[in-house]
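For reference, the structures are reproduced in the following blocks.
Next come two complexes, and both contain chain A; in the first it sits with chain B, in the second with chain C.
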Partner chain A sequence: MINIYQVAFKNLLRKKTRSALTIVGIALSAWVLVSLFGFNNGYEHSLNRDIDNLGYQMIVTAKGCPYEAATLMLKGGTGLRYLKENLTNEIIKNREVEKITPMLMQVVLDPNKGESGGLAAFLGVDPATYPAMKSFLKFQEGGWFKPDSQKEVVLGYEAAELEQREVGDIYLIPEKNIELKVTGILKRTGTQDDGTIFVPIKTLQQAFGKTGQVTGIGIKVSKDADIARFEDKMYNLPDVQVVSLIQVKQTILNLVGTAKVMVLSIAIIAIVIALLGVINTVLMSVLERYQEIGILKSIGAMPLDIFRMVWTETLILCGIGSLVGIVLALLLAQISDLMIRRIIPYAPSGVLVQVDLSLMMFTLLVMVLIGLLGGIYPAWRAANIRPLEAIRAEGE
Partner chain B sequence: MAIIKVKELTRNYQRGAETVRAVNNVSLEVETSDFLVIHGASGSGKSTLLNLLGCLDNPDGGEITVSGREIFKPGMKLSEGTLTKIRRENFGYIFQKFYLIPTLTVFENIVLPGVFYCKDCKEKVLARANQLLAELGIDKRRDHLPGEISGGEMQRVGIARALVNNPAILLADEPTGNLDSKRANEIGEILTKLNRENKKTIIMVTHNQDLAKLASRKIELSDGQIIFPPCPGQSKIVHNQSTFL
Partner chain C sequence: MFNKLLPVLGVLMMLQTSGLGAVGCDLNEPDRDVKRFFSEMTSYKTEYFSVKKSGGEKLYELVQQRYGAKFKGLYETIDVPYTVYTVLIGKTVVGYIHGVNQKGKYGGLQVFLALDPKGIIIQQYFQKMTGSYAGKFRDRAFSSQFAGLSLADFIGYDVNTGKIPPKSKLNQIINPVPAAVDDFSAALSGIKKNLILMNIFVFSQKEAGK
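Showing the complex of A and B:
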């Protein structure tokens, strides 16, 4: 036997265009909602992964603007000031330190690159400690230089492409006349490592006359360490500044927070519009069926039956709409990603909008709750239609 | 036994400053298995009285008792829910404009009262719906939508819907008002059969003289008052004595 929910569903088929438009409205706001929640999920996750990919959570540099240092790490720029390499020995005494690696960054204008010359970014790394710290780096070809090697080089993916080198080829540091043998080419990482030319730190120091000097010391803090206290300790070292990625992350998250508020307001507006659309649609259909609902009441429907019937209609609209919206969000995740990348200040390399099952369920729940809320008024109006009002209108 | 009993029933409507007494001090007893026709000029209060008898409307004064249960009396007002229960347990309504739900099939329309209230149980409602389809000659239209069938068939569906919960009383306000005379006569035959064979109490408002002839009793209203039969004592009459035939 037909039930009241089927009656409700069949009624929505009466005005197909109107129901479809309402569903589209709900679908759009569900899409915005899923993408927003997905962003909330994915962004911090990707940011954390980016930070993990650096291998170190803290970097000690010479005093200067902290944002410059942050950029140095995240974007691979230059703001070069120097520290004494033997500072490493002092820092490693702290028990919070799990691993430590000295780095020397050098940037040269290579006149042979492109039409007007290009920048070549060198990172002098310690063959003994750096590969262990960045163990997640994968090679396209070859591998790291041997721990005691001097005249070897590892190229980032893009650097290798630009220089057109393969493993076994010779690479020449521009204007220094130092020949290095390519031992490995990294896979693409999506970070600044792609454009970097990795050279044993001793070789780079000699080539640029920076013996005993470094531009940064990367520190991997042990898991259970009190990072804030350790940071304070580092600050007490003379002429040193500490950039903790925990800080950088916080700064970025604060900036992104503002963007999030904006997206959230858009989501709320979208939801309110969809909600008004639902109320309007269902209320119109109730008023159009004034007589019919009166007849239903005269053939035995209790006010609660009518309330349930109309409420179900709202629920069906919201349910179908949000399902469509969620599917839309899944299909168009990349587009949302691109859109969000345009408005936020710093976008990590990974997936920004991460939609998972629990998120979809949550959105569905939110939309259904909104539907239940929006359905109350039309359903209440319908439940209160008196049977006689329909019949009285008969003669007119 | 009187299945419906009304005493000094009054229903007023406010039209601007003027009060219209649509039903004015009407007393009436409807016996079980009566076929009562309410007759009268347009605006005489027939529909208003029928709606009061069917508990679809509240009177301004007087008393109504249905199947021994007091529905209205001065100082008493039942809730909408209680009234709904009384209506669905006792009455089946047949409308001039049929009021079938256009999105539901003939069969779904017929079982609709059972969706809200099952006097017996779902199986019985389904069985009775199938039986009614056959009895009323619309079994071939079972899965059609109302828009696809004729007016006469629509009213048969309307009658089947009114009967599916097996009510004791059928109320019909101009049931043939939208039908030609041939279809109207067929509906008349169906109603007579229901009254004679199934012992249904029928109260019908009609202008159709042929249909009125089928009644076992008639009353005539004028300005909200019963003018025929002249006094309540003579309310039981044989139909060929009626003044309007």
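Showing the complex of A and C:
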């Protein structure tokens, strides 16, 4: 004996094109929804990972020098400003500080790079504190320089690739003609570390005549510390600027928030359109079967049976559409990722659209619920058809 | 507003991701650089090749066999992308530009060759070289010595020992810095590698009528 699901399914197959188009509409809505929520998950996760990978949550620089990387970009490396290295002793006294590391960035113009020369940037780091703070950095070859080392260098993977260096090779600081021995090559991280040339800070200070000077101090704040209060405390130090990564993260999230609102609006519109599509399809189907439903009722079908039959049709449409949309979202996640990277102001490394099982189940549930909600009116109309009127209408 | 965003910009640069593929050797400014090699050119097209895509392991072995040494190190891998610039006047191909990375004593060498349609060197150019003497190798007086040479002249060059066959035209190439033997050898090895790869990616394909 044929059951209610089979009847509903056969009804949908009567108008294949219309049913297929409705499913496509629902699938697109589900795709947008999964991608949007997947982006919501993935973006914040990747951003947090990138910030964690910096190893510190706060950077102290000289006032007027927002951050050396920005200065390098905007002024071609000529606008670096310096802090006294002994400021680290003062900062470390604060109980909020878990770890601290001084850094010195220096840039030289290498005349033998390209037609008119190119910049080579070096990051002077403290062998005693920097590796401990960036403990997640893994090595392709070798390791960090020894705490008391002088003429050594560690290269990010891409820097090493460009310079074709391996552990044990010599690396020359252009212009200064200082030879350094390569002690380590980092594995790829997908961050700026890949292109960085790490030199012991003392070596860099001597080479560039910047003894006792640094361009930034990285601070890892202890977990229970009030970062905002500590940031205010840092501003009491003379001539410093504090860049908190919490603040940076918030700014990025605010910038991205605008894009998210736009996409969410589109998703809501898409869902509403899909919902109207479902109502339209099922209602049309009910009106076309007006007489047929009347006959069904005249041979004993109860209003609840008719209601269930029509509602089941809605359920099938929404279920199939949602599943297709979820599969689409999974298959096109990488394309969505690329598209999002083009439009948002900052894209962290890693996966931007993270689709997991719970998100898929959630989307399926939401789409089916919305569909069932939309199916109430057509099902109610069908359930309330009067058999005699319906049969008479056929005769007319 | 700008002041508020600047620190963020700085940190974003620190966080900024980079590509994860093997690094090839591209011209820094193709529009300008191609014109410098072929002043009459009207257009150029850029194509990407890799040994992996062109023939896989078998080809990789063949390249190393012709080169005369195993590719060493982390970077001379099978999937390195090579960029070939095909230079045109109207619809006629007038030459090719191709660069390779080569290990030098103090850093990486980027060895570019401008070739005519038959694979003869028109001009050699080090886009990048590290060393206090690098300027002498990048000088026209050195690079112009390679004009007119082709793969046939380099095939006998031993990249392991730096030995040049007695009758080879390479004997006429003068090392501008006699003390920098390592980088002189690296330069010749880089040119040989460049010519072998061009032969495989372009000229042998042309001969095969592909």
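The rule is short, and it goes like this: the second predicted complex is superposed on the first by the 375 of 396 C-alpha atoms of A that agree within 3 Å, B and C clash if a C-alpha of one lies under 4 Å from a C-alpha of the other, contacts with A are read in each partner's own complex, and residues count from 1 in each chain.
Convention: a residue touches a chain if its C-beta (ideal position, glycine included) is under 8 Å from a C-beta of that chain, and two chains touch if they have at least 3 such contacts.
The structure displayed is predicted, hence computed values, not measured ones.
Student: May I ask you to decide whether A:N11 touches chain B, chain C, both, or neither, giving the answer as first, second, both or neither?
Tutor: The first partner, chain B, only.
Student: Return first, second, both or neither, reflecting whether A:K134 touches chain B, chain C, both chains, or no partner chain.
Tutor: So A:K134 meets neither chain B nor chain C here.
Student: If you stack the two complexes on chain A, which partner ends up touching A:Q164: first (chain B), second (chain C), both, or neither?
Tutor: A:Q164 contacts chain C only, not chain B.
Student: Of chain B and chain C, which one contacts the greater number of residues in chain A?
Tutor: For chain A, the partner with the higher number of touched residues is C.
Student: Taking the superposition as given, does A:I252 touch the first partner, chain B, the second, chain C, both, or neither?
Tutor: second
Student: If you stack the two complexes on chain A, which partner ends up touching A:K220: first (chain B), second (chain C), both, or neither?
Tutor: Touch partners of A:K220: none, neither chain B nor chain C.
Student: Pick one for A:M302: touches chain B only (first), chain C only (second), both, or neither.
Tutor: After superposition on chain A, A:M302 lies in contact with chain B alone.
Student: Have a look at where A:E292 lands relative to chain B and chain C in the superposition and call it first, second, both or neither.
Tutor: first
Student: By the touch definition above, which chain A residues appear in both interfaces, chain B in one complex and chain C in the other?
Tutor: none
Student: Considering only the defined contacts, which chain A positions touch chain C in the complex?
Tutor: Residues in contact with chain C: 50-51, 53-54, 59, 66-71, 73, 110-115, 118, 140-141, 158, 160-166, 169-172, 174, 177, 179, 185, 188, 190-192, 194-195, 241, 243, 245, 247-248, 251-252, 346-349.
Student: Quick one: which bits of chain B touch chain A in the complex? Just the residue numbers, please.
Tutor: 47, 51, 56-57, 80-81, 84-85, 87-88, 93, 95-97, 99, 101-104, 108, 111-117, 122, 125-126, 161-162, 165, 173
Student: Under the stated contact criterion, what part of chain A meets chain B in this complex?
Tutor: 1-4, 7, 10-11, 13-14, 291-292, 295-303, 305, 386-388, 390-392, 394-395
Student: In the complex, go through chain C and note every residue touching chain A.
Tutor: Listed in rising order, the residues are 3-18, 20, 22-23, 28-29, 32-33, 36, 73-75, 101-109, 126-132, 134-135, 138.
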